[in-house]
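In this document, chain identifiers A, B, C and D correspond to the written order of the chains, with residue numbering beginning at 1 in each.
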Amino acid sequence: MDIRVQEAAFDAGAELNAFTNAAQGAGAIVSFSGIVRDVAGGLNTMTIEHYPGMTEKALTDIAKQATDRFDLAHVMVIHRFGDLGPDEQIMMVATASRHRKAAFEGAAFLMDYLKSRAPFWKKEITQTSADWVESKAQDEDALSRW
Amino acid sequence: MDIRVQEAAFDAGAELNAFTNAAQGAGAIVSFSGIVRDVAGGLNTMTIEHYPGMTEKALTDIAKQATDRFDLAHVMVIHRFGDLGPDEQIMMVATASRHRKAAFEGAAFLMDYLKSRAPFWKKEITQTSADWVESKAQDEDALSRW
Amino acid sequence: MDVVYFAWVRERIGLPRETVETQAETVADLVAELRAREARYDAAFEDVSALRVALDQELSDFDAPLKGVREVAFFPPMTGG
Amino acid sequence: MDVVYFAWVRERIGLPRETVETQAETVADLVAELRAREARYDAAFEDVSALRVALDQELSDFDAPLKGVREVAFFPPMTGG
């Protein structure tokens, strides 16, 4: 299990290859990456705030749950905080399993829980506005399928 | 849409980064990679046979269906044929969307159809055996959810 | 007891962290005490259904007892990923 | 008409592709003609439920008519991915 909360940028491709090497024998690898999208008005910066200490605990707990439930061979979660520009990588999860179904479900489970249970908050800053991103009812609803 | 059927190895990490760049504005990227697993008795080679001409048509058709159904911003499918060793990359799909649910479902849909509808056949060769991999009833069943 | 605030709760209250002397038995009691202090607290806690609370870095709820708790955190619903 | 074989069907019949002169109206008729030829064809087509057929590179079925078809392919269920 590889959990990282960091301000620095990361290289998703290099992380995918390192994860695949670390998960030898798994057969099926799924990755999800989240990228900063531009917004109406032109995004200058996305600022990500988090709760140091709780963040690492929450991500570790979610990753353990996913590992047990889907019998994953390996799990990775990387999530950035601080100021990001458009098209920068925000975060990435990866799962490894013998079977594709478990790898897909494990990654989707991680993302659903990470969205609503890990203490990160995003603020979108344009030339004329600075708005906290609101959570979506559908993100909370997504948890009910697990 | 980027569909490749090739004998040559590829670098999954480099492909993920190139795909992410090509899908700017998408926000959510999912990848699946399939890796040659070792087998009891020690795998020497996995030989992948395919049906040139039909393979490209089938993959293009599956990728178009996924794009339309899940409103994907970009889709990639790479699948190798020929002789592969343990831990080599067999194939990779990637999907890009504004939303994580569509990216996940698009990639799972692609994999389910690719498994049972694209004309590839795998043979596992050890020191003492050479067996065609048998299709699984669960792979055909997986299509019924779409 | 340490009380920490994140995102727009932090901005409305105007500070990220403070130490509070309180005898409050539950989170809801603590919220009532804070709201009674000053308008900026009253505004921040106006709609607790729009807020989440963590006790010692575990998600909890507004009915939870505070006995033994060292750190209470208030924040809006998370928007990671 | 070109007839092509893949995977263990190819191995059992012993060749990847051949041109067949036939008046068969359906895939099933063509299979019956091939089985009558030689033991290796009879063995390869023994259980058609274990086989798939494509007509001009589109998946089809054993009841399908052959009129206008240029290429018929027989193979086991696919195992890509």
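One rule holds in what follows: a contact is a pair of C-beta atoms (placed from the backbone, for glycine too) under 8 Å apart; a residue touches a chain by one contact, two chains touch by 3 or more.
Bear in mind the structure is a predicted one, so any value in this text is a computation, not a measurement.
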Chains in simultaneous contact with chain B and chain D: none
Chain A-chain D separation of Cα centroids, rounded to whole Å: 48
Distance from chain C to chain A - Cα centre to Cα centre, in angstrom: 26
Chain C and chain D: spacing of chain centres that average the CA atoms, whole Å: 71
Chain B, residues touching no fewer than two other chains: 34, 100, 111
Residue list for chain C, restricted to those that touch at least two other chains: 81
Pairs of chains found to touch, sorted by chain label: A-B, A-C, B-D
Residues of chain C that touch chain A when the two form their complex: 4, 6-8, 10, 54, 57-59, 73, 75-81
List of chain A residues in touch with chain C within their complex: 34, 48-51, 53-54, 57-58, 79, 90-91, 111, 114-123, 132-135, 140
Contact set on chain A toward chain B in their complex: 11-17, 20, 24-38, 87, 89, 98, 100-101, 103-104, 107-108, 111, 142
